[in-house]
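In what comes next, chain A is part of two complexes: it sits with chain B in the first one and with chain C in the second one.
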Partner chain A sequence: MATTLEEQHLRAPSAEEQRLRAQQRRETQRRWFWRIAGYVTVLGVWELVSGWVLAESLLPGPTRIVRTFPEIVNSGRFFLSFGATLTRIGIGFGLAFIGGAVVGMLAQSRWFSNFFRDAVTIGLTSPGLIWALMGLVIWGFKPQGWIFAIFLATFAIVTVNVAEGIRALPKDLLDMAKAFGTPTLRRQREIVIPHLAPYLFTALRFGFSNGWKITVLTEVFSSNKGIGFEMRVSSQLFQLDVFFTWVLSFFVFALILEKLILQKAERRFFRWREDVSVA
Partner chain B sequence: MAKIAVRDLRKEFGVGDERVVALENVNLHVEGHVFVSVVGPSGCGKSTLLNILSGIETPSSGTVEITQDEEDAHPGYVFQSSRLLPWRTVMDNLLFVQRNPSSKEARERCQRYLDMVHLGDKGDKYPGELSGGMQQRVGIARAFCIEPDVLFMDEPFSHLDAITARSLRRQLHEMWVETKKTVLFVTHDVGEAVELSNRIMVFAQGGRLIDDITVDLPFPRDPSQDEVAVAKAHVLRKFEELDLVAT
Partner chain C sequence: MATATAVPRRRNPVMLIRSPLVARALFPVVVVGVWTLIFYGLESQIFPSPARVLDFMWNEVRLETLARSNVYQTFLLSLIRLFTGFAIAVVVGTVIGLAMGLSKSVDAFFHDWVMATLAMPALVWALFAGLVFGFGSLGPILVTAVTGIPYVIVNVREGVRNTPRELFDMATSFGVPRNRMTRHLLLPSLLPFFFAAVRYGFSIGWKGLVLAEVFASDRGAGWMIKYWYDAHRAYAVIGYAFFFVVFALFLEKFVFDRIYARAFRWRPQAGTVEVVEEAAEPSVQQPTIP
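On to the complex of A and B.
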């Protein structure tokens, strides 16, 4: 019978397994080597350029930033600003996520998909700067301005991903559930939502990274707090070490979010999928 | 006793002038512990018939009645591909079709049928971790684990290699004997139909039921037995008479 063959295959000789594992280990080590080498090179070049090519006051080196960072944290502004920025993303992108998901689901209908088609294309292609400026002109420093900008800059991304997921709904599985007479609610929960999950994840990822950029932009223009605001003030006061510290914190935060939080969650959700790409 | 009664069934697809008739004037009556195969060339409407019986499609006209002791019957399905939820484990896939998935009885029942298809220890695997043959066995267990009154199967072994298909046919036959279900089995493989069924219904292009053959041979049947080969030749001859092979 077929099983015995398969089971024999599962009980593969351990020598072969060990060889494979060692190979994987070497692979991981090599990957990490190049990754770290990338960091060392960039930081090294930066440190050299600072002072040698450009004056240290114009381009403070990494060591300088390491010294400035605790000062900002101690002043209390660090968490305050990050908190303010994250709140803005949370509100603006949160609304866009809900709105985009609803429109994406409506796109199942031919009429609605035509209704929204060009709006979505425009939303995808236009730079967020347009919306940030418009928000500033119309609402000034009021929250409507940045909500408007973040919403418009991220909404289309969510819409497109959800619409794509809806278009690819697994008809064979839904038919199967229908034939077995499973209740509608269970069908939604066990088929539609798990099917849409990867699309929602992509929407979350790209939407967040876009929302992040536009949020900082709105803060540069029209805010008295947040990371973007801190960047503006420090650059205007010519405190470039402070400026670069904010920039770098921004990079580090985005990396942590992507690598530690989003990727972990993704791996947890998609355990059933063996081919989940892990960057 | 389970009963399938189809009267004057007609199904057409398409809109306006571009209509395709998939089933025309189909009448059939199946009752009790029988294994009925529906055979015919591709495009003869066999799968449409099954889709209508399973409620995935609605008939253009005619009636379909699937009853168990005069009440609405509870059917189970096995599809051409396994149609398992890839994001749920094997056990959860079986629980998915249960009336009350959280009950202890449901879980025990699912386990029993997993054991029956020899996958008792694979309950916590994901479908992607199993071979095609194993996935199809899970599909069969899923159909049986709701303890259906009738069982509809749509070319369940056509995607599998010959050896796996053969062993699954044997398992299916044993399960049919053990559970005494009414089975309607769609296939294009005449040999398979002769090996498994009491009755073979032959469909022709255009969705017409053209013959209803009773196969009165003892089980288990083996393709190498003379009687089985003769019966298979008989059905194939029917096909030739009607010039079905050419189409």
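On to the complex of A and C.
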């Protein structure tokens, strides 16, 4: 049997195989062609609309943004702003992640899952704007204000993902642990948390993608530094090229963090587990 | 003997507290309790008591307001904008989503840009719309549409891909005409995804809309809460936030749950399809090499 396998491996690819390979190659080529066509079309239309349909001061084209980018980097506020915004995300979303995960874990008990049900629904459906304004009107520019807003706008996303993991808990393992009288805390540490790890990762990703948006929103209303602050100032001064450059540079940064770093880390982290499908 | 012990158990107060309904009802009680504690602990001039907020809301409901439009007018206007903007999103999103689901080339063409729009904060559109369109209804409606479109696209595309292939193959080999195939195959398997898209797109559109109303309008729910914020009436901001919550719950429970129940009467498990919240990686269907 082994020899036939080896033989198959060594012998020249059959006509059928070659045909399929060629087809596959064509498929990939066509995909890339259309993908590049998409980029060219969108960027081209954007460039043309700026200056022809809308004034360039109103909608700066992509080339203009590329030219403005070094300006804001050299302005000296670039790293300060990124740092300020990332600090806010770190504190606000960090607390929301912990809070949301705890609430999600509590959902193992039917009582608590009912207790928090409406809180989660409200957290998911309400616009972040109302929390931002509420925190601001109560606490002013103090950190409690934006922590309040970021917390309430993002904890529910974490809770929902963790609760999803709770629903998929290996019941048999838990039953066994209970039958052998394993204490609750140890059950959590050795069964629940390892099982939940991939769900926590997903929660982190979804939460982050919502978290940075609400953070920027709180900065628009109540900050003197950060991306949101720069967005507010530049839009008030009608410098839309600066506005878009700030927005897009943070946007690209957040996308890289979310799609490349977090997603890759997730895949790497759970490579050893076959049952985990990374969403 | 057995019956004698079983009957009084139902009246046990501990059992009553442990019932799920009581747990759910206890949540608002705890919130108001904590709020009252903070109110007395803080002794702040700004932070309102629950009674003050309730008083404000009651006055609003009775049409006694200091603002220039009452709560019904405000939310009705926002609702009209939301429906208009979202109708645009559904039409545009369905067309692009169908095309992306049916053709790999179209999918490759749009994919990265759909993903980018999906991740773009509504705040950006809102600020931009304010500068381009000024204060009015056009800006908020377009922002609602732009925030909703990528959600509709992604879910409709997923629905097309989810259509069972074998059924398509069978229909083709039995020579079923294209319009009947669309009617009996594509639509039924698309519908759950479509509804998921509408539901979540709607709530995303709503979040975009209120932001647009702050920056690109002089009326509507978003503008109104900003108005009370500018007037430094904390009780009014919190009161209006509660109206927002009530409004969202109303949409969820009375509009969407009803539509769901009607649309999926014949297929109870279909209403539970998972919504797609991010664009999946472009999957090239590789022909398997033997």
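Everything below uses one rule, namely that the second predicted complex is superposed on the first by the 211 of 279 C-alpha atoms of A that agree within 3 Å, B and C clash if a C-alpha of one lies under 4 Å from a C-alpha of the other, contacts with A are read in each partner's own complex, and residues count from 1 in each chain.
Note that a residue touches a chain if its C-beta (ideal position, glycine included) is under 8 Å from a C-beta of that chain, and two chains touch if they have at least 3 such contacts.
The structure displayed is predicted, hence computed values, not measured ones.
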item	value
Partner with the higher number of touched chain A residues, chain C or chain B	C
Contacts of A:Val220 with chain B and chain C, given as first, second, both or neither	second
Touching partner for A:Arg186 - first (chain B), second (chain C), both, neither	first
Touched partner set for A:Phe112, first chain B, second chain C, both or neither	second
Touched partner set for A:Gln24, first chain B, second chain C, both or neither	second
Sites on chain A touched by chain C in the complex	16-17, 20-21, 23-24, 27-28, 30-35, 37-39, 41-42, 54, 58-59, 110-112, 114-119, 121-122, 124-131, 133-134, 136-138, 206, 209, 212-213, 216-217, 220, 228, 231-232, 235, 238, 240, 243, 247, 251, 254-255, 258
Touching residues (chain side chain A, partner chain B) in the complex	1-3, 6, 172-173, 175-182, 186, 190-191, 194, 197, 270-274
In the complex, chain C residues that touch chain A	18, 20-21, 23-24, 26-28, 44, 46-47, 104-106, 108-113, 116, 119-124, 127-128, 130-132, 203, 206-207, 210-211, 214, 222, 225-226, 229, 232-234, 237-238, 240-241, 244-245, 248-249, 251-252, 277-278, 282, 284, 286-290
Footprint of chain A on chain B - complex, ascending	51, 54-56, 75-77, 79, 81, 83, 85-88, 96-97, 118, 126, 128-129, 131, 133-134, 146, 163-164, 167
